[in-house]
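In the two complexes below, chain A is the common chain; its partner is chain B in one and chain C in the other.
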Partner chain A sequence: MHVHAFDRYHDAHSLVHRLDPRVKVIVTFLFILSNLLLPDGAWLGFGLSWGLILLGSVASSLGVGYTLKRSLIALPFALAAATVLFSIPGEAIAQVQIGPLLLVITDAGLLRFTSILVRSWLSVQMAVLLVATTQFPDLLHALRHLYVPGVLVSIISFMYRYLFVLADEAMRLLRAREARSAAADGQTSGGSLPWRARVAGNMAGQLFLRSYERSDRIYNAMLARGYNGTLLTINPHSMQNQDWVVLLIILLLLFSFQLIGRIPGL
Partner chain B sequence: MPVIHQADLQIHQTAFPKQSTDGCTDGSRLLSVEQLSFSYPDGHPALHSVSICIAKGEKAALVGPNGAGKSTLMLHLNGILTGKGQVQVGGLEINKKNLPTIRAMVGMVFQNPDDQLFSPTVYEDVAFGPLHMGLDEKEITRRVSAALEQVGMSRFASRLSHHLSTGEKKRIAIATVLSMDPQILVLDEPTAGLDPRARRSLINLLHEFPLTMLVSTHDLLMVRELFPRMIIMDEGWVVADGPTEALLADPSLLEQHGLELP
Partner chain C sequence: MLPLTQLLKPIMMHVPDGLLSLPVAILCWAITAALVYVAVRRTKGEIGERQIPLMGVMAAFIFAAQMINFPVAGGTSGHLLGGALAAITLGPWAGMLVMTSVIMVQALLFQDGGLIVMGANILNMGLLTVLIGYGLYRATAGRSLGMRLGVAGVAAWLSVMAGALATALQLWLSGTARLDIVVPTMLGVHALVGIGEALITVAALAFILRTRPDLVQAQTAPARGGQAWIAVGLLLSLAVVLISPLASADPDGFERVAMDIGFLDRSVESPYSILPDYTLPFLGETALSTILAGALGALGVAALVVLITKVIRRSKSTVTSGD
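On to the complex of A and B.
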């Protein structure tokens, strides 16, 4: 049995799927950058950015709700920005009393907070779209050919390849524990909390050791096939006319979002 | 496991003279190991003055219980481990300068295909060897499709390695070294963990290869079917080396070294 849970690629034939992965990586990167650069409260700019995601979702035949659903997972992380609610000077709109602490929510703080929320939410949606329409190996190629350092790409590549093996390994360990978590008649299964914690700790250690030994074997297998310290890749991709056109159009769109976001009063 | 005393080993070594005397003349010699000894860093000795010689075109099986030193010996054949003694491949001494050439000559397939297949896609894994040999892209593509064709996995080029079955992974693992155009194929327990159908199809596959082969295995039925020569190892010693049928006909020898003919 294998764990397939990490694969987020959604196989389909669409314009977005066919695009050169480099284009998709660049667009995703610039899209996130553009979101960051939009000023607080540039709702029209944010709205247009979201429109671009919807367009991408429809063009890639994923459906409108796909990225929306998948992006919710990242929302809790945006709560880390909650402190800006209280820390930016402005007109007080609400108060929260936590013990001896009196926190005042200001209008400027609220504006900043919602803007951060929207920015991160939009950015995650674009990343979801990227991963759903691009095979992971293609993504690695794209990074490599966009001059991301080879070591970094290799690390991501190995992580991707062995995440599955590691998850399988962990699953086998858990199953082995479960199979022996029996109880005698009239007894409850398992021991005290510290005992359980120790078992879990041993399992984590076991998993680490197994991975460590595996890494040794993999390195041997690489050496046996002529690895000498530099990882090489071949590039099966080439930029087509339509790739350039799409890239250009999206760049212009992002630029115009920036302009629109900066018009006062909008 | 029976304890093997050196005195017993001497008897076997005289009972089964080394292959180097029969069939491994200087002209046909492809691989020769002489007086190779090796201890792991923790001091545990794994090989004791092992000497074997494989002639071009020969198909030999390496058998023996777990911990006999089979895998350790194999890791010496392309210089991943280096012990005391001499290892020569195609007349070349293993040293830093010859290492790239030797690694292309010795196609080594490890036991666990998850260790062997480390690239995201099948194609990239099969291309890894040729790519690191410095071949040009056209030649790489040609070799990859030829290697996949040879193991009957042409349709799998763009598949992700971790989604394959064990039998499929084993075939791809063999393709990853075939693409380097090796002189000798060194396989570590190729049939371990395979179901009967996958085992059968792998044996048929190995049967077709015209390559020189050294294969470690516990599968004595496969040995009888594919390998005219058998080398038995135990506790780091080569205890017997000779024609498979002759060795398999000696039940006390097999029993002494933890082997069992089904």
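On to the complex of A and C.
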């Protein structure tokens, strides 16, 4: 399996790709924060936030539909918020009869539900944009600069490096099981539920041992090449003028979204 | 490649951004940051640079192991979350860092879980699972193999329930979901997910103990600090066992207590939680959820009582033997 099966980085040359990864990480966090702070039903504020995402998508030559397509990932969980539809007191606007239950959708509930949905949807799109325009090692480097503990960043770097190797190993184990699990049409193969669980457990245990032993070999190989506990990069980042300018502009934009979102009647 | 994305999403616990309110997200970040900070300090002091490649590869292992599934019934499948397994095999601090890395990568690389709410996700899936998994397993050091595996299974199941309960409570405190729906639903689903977790954890642990017993025993051997881990694990388990039925069976009372403490009032713009008279009659749901929660609670309490007596007996025997 190749790295690209997992990695969401979208290679291109654009203003957004060239930005310092720190700026992109900070902007992403502040954008999500701004969405959280916008009051329920601040549609103009949400709309402007979406405009910012569209702008970013165009400026990074990803195209308008890119973040939209990938943003659907958060939708299933957002259904957890569906209960607010019926639970906030307000004027009833619709009724749903499910079996013995009579669910009354209120206007306040609908407002809150759609606001939560929009917030979640906008936030995911910004995160998609961040990952699509920033290489993962650069992203980690930015996290290090933003005071995420070095040990954690090193661990994640190793994890990222071996993610694909071990995922490959897991796929091989799954394939091997499938190859040995012949079954006649319409019949299940294998034994009882505990038996199936034990097979899966043995696979996980096998994978554990292979990973553990591999980490030993990796450490020895790195030690032989002068590893002393820190990972070096040949990609030193430094904030350029344009990075500061972009950061400042987006901060001002987000601030104005907050103000606009709070104007009553909009 | 289609099944890959499905395999990568083991359970419904990765909360996306926008679903938790800011105070709840910040509170969770504070707890998570404190624990991770201590873990980082500990690993720096106690284990050298050798641990970093090990933990990185083991984080990748947890990620890959979450892809391993087994068919249960009707198209559903059992998965591994891995918190308890990581804690038991790698030790608590390393386990926490490994699980934190896994959840961070899932959020950063795959948008599986949000960024502002990442603190909550790490807490629910990475830290609570490790604390419960390690604490309970630690209590069985020196016991028979069957006993250790049995407790590992209970710990794995409880760790998933703890994560689900914490997620549900955070959603409720954020004003995103109703307490009387979200708690029974999350716990009900994860009671089943947890069984898959327990079965795979026990089988994987048995396999590792059979092939490389030296790896796992190294984690439970150091005597120092063992009692504290056991206490934390037991306390958290007790909290899960006590809160789950309480929150499911008597949501009104639970909310009133939360309001009395001043927890709910501050954290919420959730006007509905103050009103006890809901507009809808959830008769069937509530009865079912109460029965379910009661059964789960009873099961958990029974397991815990057995465990506590074992621990007490063991600490007595170590005292008399002058250890």
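Convention: the second predicted complex is superposed on the first by the 209 of 266 C-alpha atoms of A that agree within 3 Å, B and C clash if a C-alpha of one lies under 4 Å from a C-alpha of the other, contacts with A are read in each partner's own complex, and residues count from 1 in each chain.
To be clear about the criterion, a contact is a pair of C-beta atoms (placed from the backbone, for glycine too) under 8 Å apart; a residue touches a chain by one contact, two chains touch by 3 or more.
It should be emphasised that the depicted structure is a prediction, and the values quoted were computed from it without experimental measurement.
When the two complexes are superposed, the chain touching more residues of chain A, out of chain B and chain C, is C.
In the superposition on chain A, A:158 makes contact with both chain B and chain C.
When the two structures are aligned on the shared chain, A:18 is found in touch with neither chain B nor chain C. By the touch criterion defined above, A:80 reaches chain C but does not reach chain B. Using the contact criterion defined above for the overlaid structures, shared-chain residue A:136 touches chain B and also reaches chain C.
When the two structures are aligned on the shared chain, A:225 is found in touch with chain B, with no touch to chain C. In the superposition on chain A, A:214 makes contact with both chain B and chain C. Across the two superposed structures, the residue set of chain A contacted by chain B and also by chain C is 136, 157-158, 160-162, 165, 214, 218, 222, 227-228. Chain A contributes residues 5-8, 28-29, 32-33, 35-37, 70, 73-74, 76-78, 80-81, 83-84, 86-89, 92, 99-104, 106, 108, 112, 116-124, 127-128, 131, 136, 139, 149, 151-152, 154-163, 165-167, 169-171, 173-174, 188, 190, 193-194, 196-209, 211-212, 214-216, 218-219, 222, 227-229 to its touches with chain C in the complex. Here chain C touches chain A in the complex through residues 1, 4, 12, 14-19, 21-22, 25, 36-37, 40, 43-44, 48-50, 52-61, 63-65, 67-73, 78, 80, 85, 89, 97-98, 100-102, 104-105, 107-112, 114-116, 171, 175-178, 181-182, 196, 199-208, 211-212, 215, 271-272, 275, 278-285, going by the rule given at the top. Contacts from chain B toward chain A in the complex involve residues 75, 78, 80, 100, 103-104, 106, 108, 110, 112, 114-116, 118-121, 124, 127-129, 131-133, 137, 140, 160-163, 176-177, 180.
On the chain A side of its complex with chain B, the touching residues are 2, 4, 136-137, 140, 157-158, 160-162, 164-165, 214, 217-218, 220-228, 232-234.
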